[in-house]
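Chain naming follows the written order as A, B, C, D, E and F, and within any one chain the residues start at number 1.
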Amino acid sequence: MKKIEAIIKPFKLDEVKDALNEIGIQGMTVTEVKGFGRQKGHVELYRGAEYDIAFIPKVKLDVVVPDSLVAKTVAAIEAKAKTGKIGDGKIFILPVEEVLRIRTGETGEAAI
Amino acid sequence: MKKIEAIIKPFKLDEVKDALNEIGIQGMTVTEVKGFGRQKGHVELYRGAEYDIAFIPKVKLDVVVPDSLVAKTVAAIEAKAKTGKIGDGKIFILPVEEVLRIRTGETGEAAI
Amino acid sequence: MKKIEAIIKPFKLDEVKDALNEIGIQGMTVTEVKGFGRQKGHVELYRGAEYDIAFIPKVKLDVVVPDSLVAKTVAAIEAKAKTGKIGDGKIFILPVEEVLRIRTGETGEAAI
Amino acid sequence: MKNLMSAFLILMFLLSAGVVFAEEQVQKTIPPSTAAEQGAPPAQSAPAAPVAAEAPAPLKIDTGDTAWMIVATALVMLMSIPGLALFYGGLAKKKDSLNTMAMTFVAFCIASILWVMYGYTFSFGTDIGGFIGGAEKLMLKGVGPNSISDLAKTIPEYIFLMYQMTFAAITVALASGAYIERMKFSAWVIFSVLWMTLVYVPVAHWVWGGGFLAKLGALDFAGGTVVHVNAGIAALVGALVLGKRKEKSLLPSNLTLVVTGAGLLWFGWFGFNAGSALGANGLAGAAFLNTNTATAVAAIAWMVVEWMHSKKPTVLGLASGAVGGLVAITPAAGFVNISGAIVIGLAAGIIPFFAVAWLKPKLGYDDTLDAFGIHGIGGTLGAILTGVFADPSINEAGKGLLYGNPGQLVTQLIAVGVTMVYSAVMTLIIFGIIKVLVGLRVDPEEEMIGLDESQHGEKAYNL
Amino acid sequence: MKNLMSAFLILMFLLSAGVVFAEEQVQKTIPPSTAAEQGAPPAQSAPAAPVAAEAPAPLKIDTGDTAWMIVATALVMLMSIPGLALFYGGLAKKKDSLNTMAMTFVAFCIASILWVMYGYTFSFGTDIGGFIGGAEKLMLKGVGPNSISDLAKTIPEYIFLMYQMTFAAITVALASGAYIERMKFSAWVIFSVLWMTLVYVPVAHWVWGGGFLAKLGALDFAGGTVVHVNAGIAALVGALVLGKRKEKSLLPSNLTLVVTGAGLLWFGWFGFNAGSALGANGLAGAAFLNTNTATAVAAIAWMVVEWMHSKKPTVLGLASGAVGGLVAITPAAGFVNISGAIVIGLAAGIIPFFAVAWLKPKLGYDDTLDAFGIHGIGGTLGAILTGVFADPSINEAGKGLLYGNPGQLVTQLIAVGVTMVYSAVMTLIIFGIIKVLVGLRVDPEEEMIGLDESQHGEKAYNL
Amino acid sequence: MKNLMSAFLILMFLLSAGVVFAEEQVQKTIPPSTAAEQGAPPAQSAPAAPVAAEAPAPLKIDTGDTAWMIVATALVMLMSIPGLALFYGGLAKKKDSLNTMAMTFVAFCIASILWVMYGYTFSFGTDIGGFIGGAEKLMLKGVGPNSISDLAKTIPEYIFLMYQMTFAAITVALASGAYIERMKFSAWVIFSVLWMTLVYVPVAHWVWGGGFLAKLGALDFAGGTVVHVNAGIAALVGALVLGKRKEKSLLPSNLTLVVTGAGLLWFGWFGFNAGSALGANGLAGAAFLNTNTATAVAAIAWMVVEWMHSKKPTVLGLASGAVGGLVAITPAAGFVNISGAIVIGLAAGIIPFFAVAWLKPKLGYDDTLDAFGIHGIGGTLGAILTGVFADPSINEAGKGLLYGNPGQLVTQLIAVGVTMVYSAVMTLIIFGIIKVLVGLRVDPEEEMIGLDESQHGEKAYNL
């Protein structure tokens, strides 16, 4: 199993979520994060003075999937989260050794 | 060492934390997250109209433990976080290659 | 590639970020988290009565870097985040199998 | 942007023209009887207080009435900023809260300026054919610290005109509730200018300034038709023209602000309704009592209906019911007795609930904060029930169906109908003009990001 | 739920009965002297202003007094919504904020309705044996725009009765501070109905409506016993019956709301205390001065004590001290001179601090927001010190220990004691009734999830 | 801490001394003419209302004027808590919000206490050489419920003195806007005590208490020099002495609070400006009209300038413009006509914008919330323009350049200049004293963590 961590633009969350549901992924966990990267923060102007807001609000999507679904999942996220503009975000794939569903005690792919 | 990521119901946090302390785990990190899964969001009724709140507030617990403690840790979380109702959450186990305690520079299991 | 997860004191974030930028790391993701550890929460006094605030606000820094940069990155974080007082936090190193930049579709180290 | 700038240039030009114009007239000390020369009829909806009756000959300021009316004016100001701004801003999504508050803020500022320039004179100047007031008080020409209007014979005209201004301002602001989360800020600025000028000013004249509805005998103590029906219809029409939002849910960012706003509205509404007696007297007392009672009844009624209908009594429901009650009692406050107030409160708690929970999804218009559902429906209810319950023992000026005067009900229906049609048509025209000038809606992406960021470059919260 | 519904049905039935009843009496224009027929004694705690003395024969409305009392009434309304709602709501946990605000909101609505139905007449109607007022003004029968009460001879009775209503409402709401974060919303609704009826109404009659405590000569300018001791004891008893919360800490969700609420309470309290002079006169001035001074002294005193005791001066401490000062000066505001006000302020800043920080943990009752610690203790302090410091040169009606009248202190102790015992016993009974009808506490899981979600299906913040 | 405690001990000692002192004088019923014995000249800036003119012989309270002035006093209180506390607190960083609110709160409390102890008598007691008032009313000696001041002949002296107190309090609090996010709370407490005593009290005497600027004929209707120039200069000097913050950005934690605060300030300012007529009359009406109009114009002007200059109209800009307008119209409110008000509003919307957006970064002082940029600059603008636009047909007491009296402009410049120099020098001295006593700034780490945590051990939000 793999954990796919995707950092995406917040307003793309709904679309990505729906796309993942469509390919059969039922669970995911979302965190509000701040991104620093090539996309530069915007400038806020308060009383005419400029303030650099370095960080950019992003959401992080954690999805644990069986190996078989990794490619499909990544493709779905990529397709929906892409705007082609800087700051679209990243997808990281990390190994997961075990999964357990607390409610039932199931483990492995059955627990995802 | 392993990183145990547990997604649990927020109101179970205190109990889980205490249980982990009891088995000798002193450190952990908690993040507020939003969960999507089998447990369906509730319906909020504003002015008589229904609005689906798809996501559900959860907390994510990150605990890095030596390999020797993994089983105990998972068992403790499972025991305390379980209500038997849908949405109890998941436990993911990920490999960790190295740990460093910033204050002292210690590494490895000593740093946990 | 590795993912470096550093839990640090919030007011050290700016310094750490600048140090990472200096060694050529351009991207990172920051999450507000609550830490439990050796550093005990402070006591808040409302109307003369003490309340234990067990958790302590921390920030979690996620930086994915090529293997070649791991040591330098860890060193930079360690140097800047250290105050020598309890609660300085931890650095965890996790393996990352793949990275993808959503905007361009690039993968591997080029995508970081 | 260019179009916007031209709109501003016009505004600024008007302003400077006004200054020069006013400069020329060098206000001499004006004899108190100036206002009387207009031959305006005595206010029907606000009979003189017993005390005032002692000084019939020259109009003379009564300090007690003046004290109350200064405060009442300030109270109605408070209803807009921060009252309505909080009520609406707390209901808006987090990313649109500030823009929502800004709409009320800027509308109040615009109305404040335009009212002294020309709003007051066209509303309350000498009646021209029942349709509009004369221009004799442009830039408040001839109005000084000693002036007294014939419509409020015991207080300084300065206070009377400011009191009326606050009504104009909040009426404009009320409509914004239906437009938020998608309307361009520049479009709203232009809307405020045009709608106040072309809709509020004439309707206020018709009902309160001696216009044709006043002559017909329409009863509107504190603004059921002029304010709530008028704004409610503008809300509906505007919501239809603007179209639906991308994210249609009502996701209140901060309900503590909503409760605060509701409280300030309730508080300020005593200025709105009891102030419409234009003096500190028993009629003001009656209006105060009716206002508070109807509001409480409506809040409880909404709560009960919601508890039964949707299993849980929401706090938003309590607040919405209260506002519904305040709206519905507005035209009736100085005419009905306590039983009338209770019935109006019951109606105002129950009917708007169904309008909002059942009718709106059915008809499918996207009135974000139910400005139509609460103000339009509630105002209509109140205006009509005034024709039923007006009790001459409370106020000689009003006699409703229950007291043997069915004609009043017909008059009320006419007044409501005329206001509805006029407001609807003019709002449509105004939206058409704005569309040409600067466009109505923000880009879809700006809508997703939120109007706080896209229109103002700000975030409501940095928590 | 079924029990709840029956409770509501009763409420609604009463309401409609009231409407029909009032409908029948068709309010004729009432001669101003109606009120005088009751033979009520002149208000002891609010001697007529010098101005009023000039018009002895027929009672006549004074516009200045009326202006002030309309505003004072609105100010006391503001103290409940949003004042107290913010103060309490900001102190509640995030997940219980909205429910806490709703408790004040709904209590105000319920009191508004019941007061006009029967509260006013049973409190201020013709005294029956010193214990309760007569029923002659049920549904405000016989009260019209020209009515004047003998207890407030220069203002419309409508305003007098609304002013009194706002006191009833806030007294009920105050008790909620001890009950929050665990009490069922339906239980609170029923509590509001029963407690206002069975506790507030009689006690108000005893002290202000010509009842036995008034006859005894108890001094209570603006509600030390009637409001604060009364509510404070109800808070304590209720907290004991309800039991402790699962999470006993005070974790204020939003202290900016608390400061806002404290500010609005302070502001509104001028209506509460200076308004209790029932006119715009020097006595109102004295009450205003004393109120502000005692409040400021109490806030600073609490801050200093906390700074020394707990190392840091909290903002909550400043706000709590201010509220403590407002409470304690309430019974004394129109009786004491500036030195009395300062001493009362010092006592009110120091003693409640220790009650809350030291006594409460010791005794172990769970009074969530210290409604007893601040209102109960502060009100008692104020009521007793009034008996010490009442200065006849400020108000002829009150002469305390320091001015050679030790008997006053005894009278004050009796009044406080009677109120305490009555409030405690009746609160106990009322909680017993509610327990049978709908139960008192929410489920443990509902408590964990928070009452906003479980009672209302809402969240205070979507940020 | 030790130094701090000594400061408190002094405060407490003063307080108890005061109580004993006042106790001794046992206030006898004071004849209404007491105040007249001081031989103070009739108020120049507030001519008697026409109504009052009817009762020349013995000073007599007018209930209408009193009603208005009680409310006006409460309104100015509201401007501080929660008005200014919200405006400033919402603009502060999240971690400093509460401390910012506490600064206003504690300043108001301190001023409340010191004013009745000695502030009033040194400001408004019998003039001594044009520089300070006499000590005859220490602890309000000789002031009773029937006292009337010669400076406000139709209201109780208790109300007059409380009204003046609220001005002292907000003036101190205004300066805090420049100091926040780095100043020790103990330092601020001492600053409040010293600055009110050594700066506000004398300046108020000079301009309003019959001092040398009053004799010179300086016009300041409601506090352009006394309040805004005075506080603005203290803000600038203090900001320079304190030095820059570590994190210099303005990152408003909660703009919904800022809008709320701005609304409450606007609302309360009607008490500030229209209340300065000291009665419910046409002059109050003029001040009300001018206040509202200038404010609205300034808000729109700031918005337009910002829209053109920085591409987007911020909500903070609207609110800042409004406050700028309120500040600038303050000295002029009861002197100018509507054209004057509009011009002052335009100036107040445009010039402070550039002061803040352009001058401040250029000069490099760190005035966190622009207390100097808005109050200092705005107040100066208003004071000078009063000398230009004062129109004798609005108020006989004021005749400006445009009405043929260029000397007035010179007088205004002198008054502003004197105030600036005095405020600057004394503020410098006071900061020096504080530095020695307890130090000025918190540690750098405390500053990083935030002053809420480090000074009060609290967090504004637990959301």
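FYI, a contact is a pair of C-beta atoms (placed from the backbone, for glycine too) under 8 Å apart; a residue touches a chain by one contact, two chains touch by 3 or more.
Every value quoted in this text rests on a predicted model; they were computed, and no experiment measured them.
Traced through touching neighbours, the fewest hops from subunit C to subunit E number 1.
For the pair subunit A and subunit F, the distance between mean C-alpha positions equals 52 Å. Centroid to centroid, with C-alpha atoms defining each point, subunit B and subunit E lie 47 Å apart. With centres taken as mean Cα positions, subunit C sits 18 Å from subunit A.
In subunit E, 62-65, 67-68, 71, 251-252, 254, 260, 280, 310-312, 314, 316, 457-459, 461, 463 are the positions where the chain touches two or more neighbouring chains simultaneously. Within subunit B, residues 31, 45-46, 94-95 each touch two or more of the remaining chains.
Chain pairs that touch one another: A-B, A-C, A-D, A-F, B-C, B-D, B-E, C-E, C-F, D-E, D-F, E-F. Residues of subunit B touching subunit D in their complex: 45-49, 51-52. Taken in their complex, subunit C has these residues touching subunit F: 11, 42, 44-46. Chain contact summary for the complex, subunit B toward subunit A: residues 2, 6-8, 31-38, 54-55, 58, 60, 74, 77-78, 81-95. Across the interface of their complex, subunit A is touched by residues 445, 448-449, 457-459 of subunit D.
Within the complex formed with subunit C, the subunit B residues making contact are 3, 17, 26-31, 62, 64, 94-103, 105, 111-112.
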